[in-house]
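What follows is a set of structures to go through.
The same chain A turns up in both complexes below, where it pairs with chain B and then with chain C.
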Partner chain A sequence: MESLSNRRKVVSNKKMSFVESLYLPAVVSGMWITFKHIFKKRTTIKYPEEQRPFAPVYRGMHVLKRDEQGRENCTACGLCAVACPAEAITMVAAEREVGQENLYREEKYAETYEINMLRCIFCGLCEEACPKEAIFLTDRIVPTNFDRDDFVYGKDRLVETLDHRIDVTNRQHTGKRGTK
Partner chain B sequence: MVKVTIDGIDVEVEAGTTVLNAARKIGGDVVPPAMCYYSKLEGSGGKCRTCLVEVAAGSANDPRPMPKLVASCSTPVQDGMVIKNKTSEKVHVNRGAVTEFLLINHPLDCPICDQAGECHLQDLGYEHGASGTRYEEERRRFDPIDIGNKIKLHMNRCILCYRCVMVANQLTDKRVHGVLGRGDHAEISTYIHNAIENDFSGNMIDVCPVGALTDKTFRFKSRVWFLKPMEATCECTKCSGKAVVWMFGDEIYRVTARKDKYGEVEDNDGKPAWICNDCRFEKKDPAKWNILGPRKINRHSVISANHYELADPNNNSKKVK
Partner chain C sequence: MDTGLLLEKTILVLIVFAVTLFAAAYQTYMERKVAAWMQDRVGPDRAGPFGILQPIADAGKLFFKEDFIPANADKWLFIMGPGIAMFTAAITGAVIPWGPPLEIMGRTVSLQIADINIGVLFVMGIASIGVYGIMIGGWASNNKFSLFSAIRASSQMISYELAMGVSVITVVLMSGSLSLNEIVAQQHGMNWNVWYQPLCFLVFFICSVAECNRAPFDMAECESELIGGYHTEYGSMKMGFYLFAEYVNLFVSSAIIAALFFGGYNFPGMDNFSGNTLAIIGTLVFLFKILFFIFVFMWIRWTLPRFRYDQLMHLGWKKLIPISLINLVISALVIAFSYGWFNSKPANAVKSSEVEDVAVVSVAQQDNSFKTNFNN
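The block that comes next holds the complex of A and B.
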């Protein structure tokens, strides 16, 4: 039958000539290509000393944002967890008590919030699903570790601290807040 | 029997049937949404105006169209009536306006609200709502209050459909809550936060189309789309004992009545299967329930998101993790 894609190749069993069966010309021409690359501009960098700039929407380690007054944005609505294709996110909600208004923005908050970084595929769907602009992916890389348990990130490592805010202004804002 | 045409589909219903119930007899897309009408509650309907339809021909004898849109939940059909719901541009524009009105004072706190995922106002807003609000004034605010120790009332979310008032009037022997105030000040309340102590008061939660009345035993426990609704029965002397238990793993998080596709309590032997407060609030132990199997959920519903098990007709379902 005629090939529809026109990319079909016929397998040939051509016998090699004597010179070809020595392989020497092929080896030499290969080595010549290698030698030429010594004088070309390098495409690799020495990683820990040199670092490439990240794309503004690089999807690395998550952060749970606080608002301008330092209150946690996350209200444990569960939309990130239901959007997560890897089922990496779990949470337990709790009700805000009287007197905690400076800690949590809404009357419900996430008592525990865990992301399993080994399950996470860094697709960014949680960021897209979030109605409260609470979770963002950042340009930080999840550090390596020896224990599997240490890859389950709780609120202690996800929520940004007050004196060390994570800048996410270059990232997409899906909700109304902060845009326009 | 009278013959009516709804969106070009003929249906024969008994005289005296409302337009809404005639449309429900056809089913599918032609059914207007209803926020306040509840077929199991006498006298409900006519308040929310979401079910307005256009009457293109009043009857066979007088085929003039009705000048204004009519509320389908309280308009009886007449022979030869021609009704337009989905096919009418006027109805579509009007429903968007009604949705905007219902949402004027709504706090839009769906990420917090326990009703999210099974809320009729959410469905309505999804279909007919505008993406922005034109309302610039401050929304009215009430503090959430406890009605008894099992029911939480968020007046901010209420759309004043009066369904819960009718439940108290028609299901229980004593009503201690009602609508106080008028106009913008109208609110569901009890006198001096009077606890509603009655075996069937919990059904107010089931009839509430929005998240105004929610189950305090389930408050902020989980989200409905993480739970598995299972059909279950139990031995109960007060009610039929037929309910839906919402499970997470082997735990029962909450119990509700069985609701049909219109969000109304299903019939059991011709009577609505209301459940009593014991079944709803106290029986959270799976050993007390005879669990029959997963409940059929529309696969487009968020409740069936991330659930991979199939409904098993033989009731020998195994949990798929």
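The block that comes next holds the complex of A and C.
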């Protein structure tokens, strides 16, 4: 009968000959194989000294971006929270006061913005949902911690600081955005 | 008793013991390195340069772990198990001739702790006692996996000891002596027993892999099936003793293989040296041979998967024992027909450099004819 996958193999179950039943030829050929491997290139990456580059599509810790003038992009529309399949994002919106134009780009902003990193599955749907290019997933790794509470990241840890901007150009040119 | 003799033996005992333990410690490092290389990895390289302090770190870790004895275990036997394993492993080194005699201050110092005339029997006997360490440890743990492992280990060791014994008899037949010193001395230069008895060597080698409880015969440990076997319940340095004993066994087995079949401290061109130079080079050559066999043991371990239990018994009883018996009978017949049935000088005796007989020449001719006969 023709097999569906075309990968069927007929296995031989014939009785072993005397030489084969001593296992010696098989043992010797096996040892030759392992011996050759002694001289092969090691595949180990010695981690702290040597680090593998992340893939450009890597989705790690989130960042809330500011624009060129240092204003927060986020307008607290809540689309990211709606898109989030793990329901990891919560936020409280507030209205921009007069005199805060240099802080927030839009008239409405997020007073609090929290991502629970233990709930987050790093799918990147928040990033795709965002109409203001405010949230991005970066190639940074969420650090370990002892307390569950410490995994709830507020704005203090999510918004990029003025003197230390997070580069997301790679991220902006991958996937759907790259084809635009 | 002669004080000088006492002193020299004490020093030798201490040196051999220290070297054995050192070798055992660094075999753990070597094992991990060899395993890593064969699997395209790097292996331990964090403790010290190239990770050479790894064994010390491991031992330190084991010492600081909790020394735990399970509630239902037989306390004294539980402690005795690793003790016996370690003791039997270390004591075998006493009869191995580590090198040609040294000359120190006019004394001839033999580099063998005890030249007993039944050295080979002693080794076999101690190897049989070695199984008690595993059996007692496995039984005293009061754990069914440990017990299973102990049963497997003892049946395996008993089965493979038979073929091992028969192949040792073949070597004894060749050299006409049970003393390891005599057997080694007769393999002068390149006149190694392995050239005359390759099949016997193979059987002996396979059996010593089984006796050392190493893969592919590590039925007693079976990490994946018996969760460590007889040392499941052990922790801390008692566990360390079992692991250590295994590596001491490996070292000693390699030494015995090298002594019985690969000429011990003998090497080609050894006639160009004499006295202390010969003794030192000979000892180094012997250690190199031991190192080589340790590597082969490891090589096999990281190549082959574990035998199934029935395959193990099948190989032991139905293959190795008949082969070694047939080999024994053929060797006996050849020796008998080349030397006469009741010749007091057996086959290899004439090879010995120590034989200072006028009849050496005539017997040596016989010796040559024996070799040609045997090769045919």
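Everything below uses one rule, namely that the second predicted complex is superposed on the first by the 135 of 180 C-alpha atoms of A that agree within 3 Å, B and C clash if a C-alpha of one lies under 4 Å from a C-alpha of the other, contacts with A are read in each partner's own complex, and residues count from 1 in each chain.
In this text, a contact is a pair of C-beta atoms (placed from the backbone, for glycine too) under 8 Å apart; a residue touches a chain by one contact, two chains touch by 3 or more.
Since the model is a prediction, treat every value here as computed from it, not as a measurement.
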Partner chain in contact with A:Met31 - chain B first, chain C second, else both or neither: second
Which superposed partner A:Lys108 touches (first chain B, second chain C, both, neither): first
First (chain B), second (chain C), both or neither touched by A:Ala94: first
Partner chain(s) touched by A:Val10 [first = chain B, second = chain C, both, neither]: neither
Touched partner set for A:Pro131, first chain B, second chain C, both or neither: first
Which superposed partner A:Leu22 touches (first chain B, second chain C, both, neither): second
Chain A positions touched by chain B in one structure and by chain C in the second: none
Residues of chain A that touch chain B when the two form their complex: 75-79, 81-82, 87, 93-95, 106-108, 131-132
Residue ranges of chain B in contact with chain A within the complex: 109-112, 116, 144, 219-223, 225-226, 302, 305-306
Contact set on chain A toward chain C in their complex: 21-23, 27, 30-31, 33-35, 37-38, 40-44, 46
Chain A-facing residues of chain C, complex: 34, 37-42, 45, 299-300, 302-304, 315, 319
